[in-house]
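Some structures are shown below for you to check.
Heads up, the next two complexes both have chain A, just with different partners, chain B and then chain C.
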Partner chain A sequence: MSESVREKIMAVSFHGTARLDPRIKLFMLIVLGCISFFINGDIPELMLMLAITAFACAGSAPGWGIRMLVVYLVISYLNTCLKYISVPGISLLMGIFGVTVLKMIPIVTMARWVLKSTYMDELTVALERAGMPRAVIIPFVVMFRYIPTLGIEYRMIRNTMKIRGVSDTIFKALIHPFATIEYILIPLLMRCLKVSDELAASGTTRGMERENKRYCLSETGFGLGEYVTAALFVVYMVVLVILDRSSIGQYVFWRQG
Partner chain B sequence: MENKKLVGKDLILTGALTALMFVIYMIISIAMSLAGPVTNVFYPPVVSVANGIVMMLLLAKVPKCGALSIAGVIQGLLTFLMGAFWTVGTGLIVGALLADFLIIGRREISTKKMIAAYSVFSGIFTFGAISPMNIFRDAFMDLTLRNGVSKEYVDGLIRMTEWPMLTIIIIAGFVGGFIGALIGLKVLKKHFVKAGLVQG
Partner chain C sequence: MIRFIDFSFRYDGMPEDALKHINLEIKDGAFVLLTGRSGCGKSTILRALNGLIPHFYPGRTSGKLLYADRSLLEMNPSETAGIVGTVFQDPRSQFFMTDTTRELAFGCINMGYTREEIIDRVEKAVKELDLETFLNRSIFSLSSGEKQQIAIGSIYALSPDVYIFDEPSANLDHEAIRRLTGILKKLREEGKTVIIADHRYYYLRDLIDCALYIENGQITAEFTREEFCRLDKAYRIQKGLRAVYPEKEIGDGFKKPADKGSNNKKQIFRVEGLSFSYGKGANVLDQISFEAASGDIVGIVGHNGAGKTTLISVLTGILKEKAGGVYYDGKKLSPAKRRKLSYLVMQDADYQLFTASVEEELVLGMTGVDRTLLDDTLDRLALSEYRDRHPASLSEGQKQRVTIGASIMKNSKILYFDEPTSGLDHDSMIRVSGLIKDLSDNGAVIFLVSHDLEFIMNTCTDLLDLDPDQAEMIKEPDIRSIHNYSFRAENS
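And then the complex of A and B:
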């Protein structure tokens, strides 16, 4: 009887690479962000994206990984089309848009995977072990926890606007910035205050204010898996950068006639 | 005597509002960079005006030294992650720390100090974001070209950041911060004080 209760408590909803120490995941995310903007060749970029998809799939988020890979391939194809077929007005606009979006996709994929696959208490413990002061950990963790909530609040506000018959298209929102501020930003801010008051109360209940060392239920720490992943990752990044500088990086992926 | 240390409640509010500020920053910077090189160089002042409200709310709820620094430092670190040029994040971090420690300091906070601090922060951020197009021109343009941006866009950027225009942009940064702070305070008074969420 006690075994099954223990199992239920210790059960986590994801496995595989998602169980790595959060510091490793954050480190990979940061290095990824830097490298992604330095790699320009088509082939290294694709290798980067494939590696990230493989990682996400191994970390119990296969649907997300594969969807982003498909989006990446589609946008990469469209970008190459744009380079060869030059439509005067749209080219300039979509050119930089396409490039920015393409660079963002690996980062966004990895970031969302890290967010979804990390429990907040593991993250707090890991950051604390990394020696960061409390004044940095708490805003950081709250930010990660709050960004999905922002999306939910925004949708609710838009629904309310629809009910009340206020202008609710994105186009109108951009054209009338003051209306946007008045109707969207201010309710968002009020909800934000409410949410953070509740978060603060919940955090105090959980003993956030104490200065002692923290523990969490599942094991986090640097083990063999972490070292191996870190080493492989660094090697892979170095390989990508070298490839990018060499001639393989110049190869354009989709050949247009 | 008011407690001057940052309590857990303050840190949580800082985190939440920083998240909102960063999302606004990303949306505005992407939207303005799409529209062409002319609007691209003016995105920092617009971001400052929009984030003015959020920042004024933060300073009103957490009137302590440290709130502005944490918000600025976290946003700066996140811009490093997003792959912007290294001066953007550095400008944010340096601007936040300077504005906080020099202007807000350890004494009582007042609305004038809030406006001044935010203007300084915004000005330094604008300098960090746009001046590499002039000062480190070769490295910046090289990086942008290699990323696949079209040549006309880069030429447009170079034209927009010649020296006279650059000073205008930096001044616009300070002015944008000033306007953002003023709008923020007005909105605070009109909505939040009336609702009782912030003391007058």
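And then the complex of A and C:
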């Protein structure tokens, strides 16, 4: 390994669009969320999803981007099929559910990409520069760090439930849905309380609460790349909204005879 | 120099002082061990030193606590962070970043150092503590011992003068403890002040300058290193202390159940050619075969990564084997059947408590309830007065007893315990050992995964060693085999 220790410390594992300042990423995520629910036409929605996939691909996460694009297309197709089946009551519910899921996909794709491609220290420094108080930043960071743990904790709890014979089969879980949720949530919450207490102690003793300017390990900040991306992004969103209002927005895919 | 001058502390809402009139002087560069029973006040002393008391744990202080003639109590934790560094017990809940390199830099970033300085400090920590292979990895991919090394590295980068360790060996195996000892030796050579609170201290016997025994919030005894290492056994047991040289006490261990033959019909638990791998990877468990009978207590030993947890998961039926089989009483058991017959007591009781009262917890998942058995179980485990309490309000030891109670109610014939004594003091360890022996007397076959040598020696009848290529079951191990195991761990 010819890389020196110093080089390793300074290395980053995500490149391209992932190196944008976290503030831009968060801004894009929020605006995107709103636009996703705002537009209705099939074509603008698809354009939105394609743009996000391209963005993720340019940010070291092509697998994730393309997988979610496929999921999007499948659900879009299923939604359309649903329109042709008419079961009173359920059809309406399924329709609303389907549309909501479809609109969530771009948001989830972008959100997870932001989570994975942003280093926590960059996020902390970026939020600090944006003027957020420590009281907001700290819980934010803890949440980001705890989310991956949830999966691990959930699996441990499910294993214990299997051994105890509590909601261990799908059948039992479906018969007692509320009890099942309770059995999962209680240990999860207890662990959460314990871990957050210990985390807070560990962070406090390492200066987490200090009110001084912070620098992060890798370079971030607002530069030409950020301004250009922001400008292009805003233009693209405006175009999508205009298209949605025009006749193109009326076009429907997957026409079934 | 650290000075406690008539220092007392009471936690908010508690009726009694946790620390009473502590007078103590710790010179720069000293290496001090704090020990005593659970709840004696060792952790409280540590919290006073790192600023968590009174800012994080509110309460009433009296007396003085000085560092280099400045009052530590008047400093808030943000100031203390650069002077005193703390490594906590559970490596899993100490890290803030998801990436190891960022975690090493976490403290430095908080202190407001420039980017260049942060890189310099992290580089020094990586080189001095030999952490190069851990850079740029996800923290979730590290073992407990490795996570703790990163935690220490993160503190090292801050270069405090005082290092505090709160029960650092609780979640570590022998290999990780050996590495910890190496790091502690280095800190000592650099002239840092090191204060460690722990129940297990065999790894510190060549490093400490003195040992303080804390009892009910007071320092009731002080020993030099020589005195501590030569403590009389009877005195030690009376004070609830573990051995400093556990491997020398091997001769007294391995108590077998009084009469194994009392349970006339003995069920045989047999494993044949058991193999398992995750996905298409290499076999984690390879052709494991062994036999145990009801009444046996089998200690499963081996370094971290040998597959102990995986073996337990397969045996309990949580995971399905890729080859081989598990047989009980002559019949092959499918994973579902194994789950029905088995019970697993995990290291962390919090994963296993689901209901709002102890009584509900014991009968969870059961169709018919035997009330006499319930009352009897609560009695045996000293939980009768807590039967209506919420499990979350109990102490760790009590929570563990609740989970053991559930296994008694379920009448499980095959029991598994995963590190039941991590972080327990001597008295609690003996108590758990006694409980397990009781359970085996009632005809269960019991498997223990543990790094606690004293506990294994006191409890087990057999050893299942996963380290050799072919897992080896040592029936009625003698002095030599335990010696081999413990010294293999020490010299690896």
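The rule is short, and it goes like this: the second predicted complex is superposed on the first by the 233 of 257 C-alpha atoms of A that agree within 3 Å, B and C clash if a C-alpha of one lies under 4 Å from a C-alpha of the other, contacts with A are read in each partner's own complex, and residues count from 1 in each chain.
Throughout what follows, a contact is a pair of C-beta atoms (placed from the backbone, for glycine too) under 8 Å apart; a residue touches a chain by one contact, two chains touch by 3 or more.
Bear in mind that the values here come from a model prediction, so they are computed numbers and not experimental data.
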{"item": "Touched partner set for A:134, first chain B, second chain C, both or neither", "value": "first"}
{"item": "Contacts of A:186 with chain B and chain C, given as first, second, both or neither", "value": "both"}
{"item": "Chain B versus chain C as contact partner of A:50, first or second or both or neither", "value": "neither"}
{"item": "Touched partner set for A:6, first chain B, second chain C, both or neither", "value": "second"}
{"item": "Which superposed partner A:164 touches (first chain B, second chain C, both, neither)", "value": "second"}
{"item": "Which superposed partner A:37 touches (first chain B, second chain C, both, neither)", "value": "first"}
{"item": "First, second, both or neither for A:150, with chain B first and chain C second", "value": "first"}
{"item": "Which of chain B and chain C A:208 touches, first, second, both or neither", "value": "both"}
{"item": "Which superposed partner A:235 touches (first chain B, second chain C, both, neither)", "value": "neither"}
{"item": "Chain A residues contacted in one complex by chain B, in the other by chain C", "value": "141-142, 186, 190, 195, 199-200, 203-204, 208-209"}
{"item": "Touch list for chain A against partner chain B, complex", "value": "29-30, 33-34, 36-38, 40, 79, 83, 91-93, 95-97, 99-100, 103-104, 107, 134-136, 138-143, 146-147, 150, 174, 181, 185-186, 188-190, 192-193, 195-197, 199-200, 203-204, 208-209"}
{"item": "Residue ranges of chain B in contact with chain A within the complex", "value": "6-9, 11-20, 22-23, 30-31, 33-36, 50, 53-54, 57, 61, 66, 70, 74, 80-83, 143, 146-150, 152-153, 187, 191-192, 195, 197"}
{"item": "Residue numbers on chain A that touch chain C, as the complex places them", "value": "5-6, 8-11, 13, 119-121, 124-125, 141-142, 144-145, 148-149, 152-153, 156-157, 159-166, 168, 182-183, 186-187, 190-191, 194-195, 198-217, 219"}
{"item": "Chain A-facing residues of chain C, complex", "value": "50-52, 55-56, 76-78, 80-82, 84-86, 88, 90, 92-99, 101-102, 105-107, 109-115, 118-119, 122-123, 126-127, 132, 135-136, 140, 151, 154-155, 158, 313, 316-318, 339-340, 342-344, 346, 348, 350-355, 364-365, 392, 406, 410"}
